[in-house]
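Next come two complexes, and both contain chain A; in the first it sits with chain B, in the second with chain C.
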Partner chain A sequence: MSEQTSWLATRLPVAATLRAQVMGILLPRDMPYAATFAALVTGAVIFLILSGAVLSVYYNPWHGFDSIQFIIRDVNYGWLIHGFHETGTTMLFGAMYLLLFRAILHREYKAPGELVWFLKLAVLLLLLLTGFLGFTLADGAQSYWSLQNAALAVSQMGGLPGGLGNWFFGGPAGPSTLARLVVLHTAIALIVVLVLAIHLAAKRAIARIPGRPVALHPYYTSQYFVAFVVFCLIFAVLVFFAPHLGESRLNLVPADSLVVPAAITPPWYLLPETGIANTAASAMGHLINFLAAFAVLFALPWLDLSKPGTPPKFLSRVLSYILALDLIGLAITQTAATSILTGILSVLFTAWYFLHFLVLLPLATATETN
Partner chain B sequence: MAELAKVEHEIELAVDHARRDFLKILTVATAGVGIAAVAWPFIDALNPGAETLAVSQPIVEVGGIAPNTGLRVVWLGQPIYIRKLTDQQIADNQFIVPDTLPDPADFTSRVKPGYETFVVVVGLNTGIPCELLGNDPSDPRGPYDGWSCPCDGSIYDPLGRVRSGPAAKNLAIPKFTFLNDSQIQFG
Partner chain C sequence: MRLFLAALAVLLLAAPAARAEDTLNPPHWQSEGVFGSYDKAALQRGFLVYQTVCAACHSMNELHYRDLTDLGLSTAQAAAIASTVKLSTGPATLDDIFKAPAVNASAFGGALPPDMSTLVAARPGGTRYVYNLLTSYQNAPADVTLLPSHYYNTAYPGLQIAMPPPLKDNAVTYADGTKATTAQEAADAAAFLTWAANPDLDDSKEIGLRAVLFLVFLTIIAIATKRKIWRESL
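After this line comes the complex of A and B, so read on.
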């Protein structure tokens, strides 16, 4: 290099690496705002890790509910940091589900995108686990009984799943269970960052080189900036005007080990998965249903019979939108009061979910290809 | 292709650079303010809260302490002795040449100006950490009418300066201020 470089740059070329690897990467000219979802997910995860780090300073798993009240009432800006963490989860899952929906809609899972798709699903699975653990840490009536039911169910399964569940929860829920779940909640959240980094690398590896490219900076940094501003604006509105969005009121009541809530509602981002799991009767059935729901997602690159690189036609697009509505409907049946109708509807919605992936999608894509 | 490049070149010429730079600075500055506004709650949440500060800065009534006796209070887990001196004790200790003491310290460095009758010290021996005796006139106070250590026999004068002993350091003075004649605040 002929130009004069600084003392630091000759020893650790940060600026040059950043210019070449980040600012200078070449991108097509027509990326929509929806292409920023992955960046928004990453940003939300980092934000949640920061706010979670502050919360963990004051959180006491032996008195989970009381320590959260302490954080909200006595810690400087504790109410805000708590709100950031709680509502940040909503924003994270909002972006995550939109990211997945966009991947389905644009057939990003087809070769050579299978690995990127698997990594997206891995991120979703890890986030769902992290989210559930964070929900149990709230230690309200809903959290306590969700955890109690989950830990009891897995401990009664026996065999390998029972053993693993017992190892994970440390037996049916008790105070020491929350202490270990704090550690697991944190550890899995950090693993999510790692998987997101691998996802980015995998995505870069298969990115096609565009014909007339533009550099990331300033063309897409400005686009990302706008996307982040809009994201933060929605976030701020939710934090300040709807801080308990999607949270059961019963979770603001301390848990009582002798009083079981009439209905146990998981946080909103777990509702579709819970709906699918709950159509089975036994604990093992719940687990099998949940695994099956993810198995069809993992098999999606091969269930979709279209040729790689072909854009989806009308029928597949309509099916994708119906699938999204189906999952929203499934979530709604889980929040509504239990009745025969919601029971039937949740079975129907679950059946449609599997029908979509196992029958309708292969058929539609096969007809569209010919 | 060439036509497009020409169009782009014309656009580049038409750009109002002053206006673009202004917008860029405005955007970055606004973003900076926003980031700072979000960062502050994160930083302040790790500062001690009002409850912690209130506990760590207690106010103690000292008006009721009789001369020649000491009051023992616990602050941040340590015994604090607040002792009211007699005129005799002040006279005995005021003009001692500091260099003759094991840990030289003059009278004014051991008391607050204007409140010379009060001595506030951490009541732990500086040798073996034992609580000292001598707050009550009937306690063993040693030859200087101060404090004595029941563990290693170190002797302190009423100002908390070590006079003999295995101990070699004067008693520590906690951080405090007089609010008025009868109240002191720690911290």
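After this line comes the complex of A and C, so read on.
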């Protein structure tokens, strides 16, 4: 070892810590590729922060739509960086929803995993907020009216939510609102990294020491590498051959404060949450529905009556898959043209969501335990 | 204007242009599909249609004259085209935005012609929608009463559009000898607007193909590496 390294190592033993983190971690031999979702989420968040940093150099909140057109048309490889950021969001939420689905399917939320589960939900909440703010920064017709609706809804609420909302948005959608949201979009994205780090620490704290373990490196680093490359491959196909996937075309019309779109569609990753919120009539109702949807997720460790450590049986597995289909169906009703049918279906899908968590899951797990 | 068109015709003649196959029956565009790319001859013809017809009412505020080099024109040719456009400050240069028309707010019954920079990307159906719109003007059926100064168009949502039929046969004279039928002009204008909404399509497909091929090979190597490492652990 050179003089330089030991000088640094005695004062800041970062290399040794890193080596212990990578080499010293022992893992079971049978972890599937699906166990890499959390790492892919972290990678996607870092990638989005880097591409977002480049975009923020050129983005001008006072001329949001035009400055994005400027980035796409006039900045060298601006179209590529913009595409990275837009499609990277799709990859991030794809990995995030798969991570949550896997946690539900394998009952990772049961003791002692409650805190890890809460942190996953916190990451989802923060990502949804970051994603929505990023969507409003696009400043197209859909973005503008989504922001207008959100800002008006919170200003109608009064009390603490209204005060917080006004502070957050700085009033209804005006130029300075976007300037404010740029800061919040960035700040919350950085908080996500922090929560992901806490999530990793909490997950490692409850990890069981396996019988015949293998080291993280090189065994699982090679597995992570495969997952990472395949993730990049899917990303490359989407970013180069299917850009704007999951975004409303109308968002490529500049925002106009005098023209309201016939339907306001959020980006795809917000569709299930929007569906649940929209079954209520008032702004307060939307908020209550949204909070209730997350409340049942936070209560999941206690709504599931199975004994900790028991693998899910057939019935609860089937219910988990039906829940996933239910949420996909709910998302589809939000993109389809508004009609009586989609209205009824979205209420039914929302009802099933709450029925699943409050009635079916407790019943199924209770009968399976006995 | 005549000077401008003459200059444009000469310049387009000088630009490399390939004659394409019959793209009108049925209408299709080279830019469609996963591996689609732009037909530069069609883009140049479409620009002529835009400049001669559309630009009288529609702005394209996101485009500069320098962007014309994407259509296969040289910088000098693009500069020459720009210099024939009269702005209030004098002849346009490469760094000027496409000249915005002065449309009276009360024209067309108050229906403001939309900016066309992102029109194809923003409309469901994109290229085909623009082509259909331009070729679907008809006489209104007897039971339809048109709104004042509206026209019957089967491709337009609501069937009544404030835009008068913009194209007619021989509205432009193509330098490459293509017959300027209404359908041909509509197809070329649609091609040009497709490029305007997504000027980086060719670059995207080219880089994308390389990236995907690279990542496919990297996937194979990564899987082989992983299997070799795990074999040694047993």
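To be clear about the criterion, the second predicted complex is superposed on the first by the 363 of 370 C-alpha atoms of A that agree within 3 Å, B and C clash if a C-alpha of one lies under 4 Å from a C-alpha of the other, contacts with A are read in each partner's own complex, and residues count from 1 in each chain.
Heads up, the rule we're going with is that a contact is a pair of C-beta atoms (placed from the backbone, for glycine too) under 8 Å apart; a residue touches a chain by one contact, two chains touch by 3 or more.
A quick note: this is a predicted structure, and the numbers were derived from the prediction, not measured.
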- Fit or clash - chain C, chain B, common chain A: fit
- Partner chain(s) touched by A:253 [first = chain B, second = chain C, both, neither]: second
- Message: I'd like to know which partner A:214 touches here: chain B for first, chain C for second, both or neither.
- Response: second
- Would you sort A:80 into first (chain B), second (chain C), both or neither based on which partner it touches? both
- Item | Greater chain A contact set [chain C / chain B] | C
- Task: Once the structures are superposed on A, label A:240 by its partner contacts, choosing first (chain B), second (chain C), both or neither.
- Result: second
- Touch check for A:51: first (chain B), second (chain C), both, or neither? first
- Item | Partner chain in contact with A:225 - chain B first, chain C second, else both or neither | both
- Message: Per the contact definition in the header, classify A:69: touching chain B only (first), chain C only (second), both, or neither.
- Response: second
- Least Cα gap, in Å, left between chain B and chain C after the two complexes are fitted on chain A: 5
- chain A residues contacted in one complex by chain B, in the other by chain C: 74, 80, 225, 232
- Query: In their complex, what parts of chain A are in touch with chain B?
  - Reply: 50-51, 54, 57, 74-78, 80-81, 84, 225, 232
- Query: Which of the residues in chain A end up touching chain C in this complex?
  - Reply: 29, 66, 69, 72-74, 79-80, 83, 214, 218-219, 222-223, 225-226, 229-230, 232-233, 236-237, 239-241, 243-244, 249-254
- Message: Looking at the complex, which residues from chain C come into contact with chain A?
- Response: 34, 61-64, 67, 114-115, 117-118, 121-124, 197, 199-200, 203-205, 207-209, 211-212, 215-216, 218-219, 222-223, 225-226, 229-230, 233
- Touching residues on chain B, where the partner in the complex is chain A: 27, 31, 34, 40-42, 44-47, 49-51
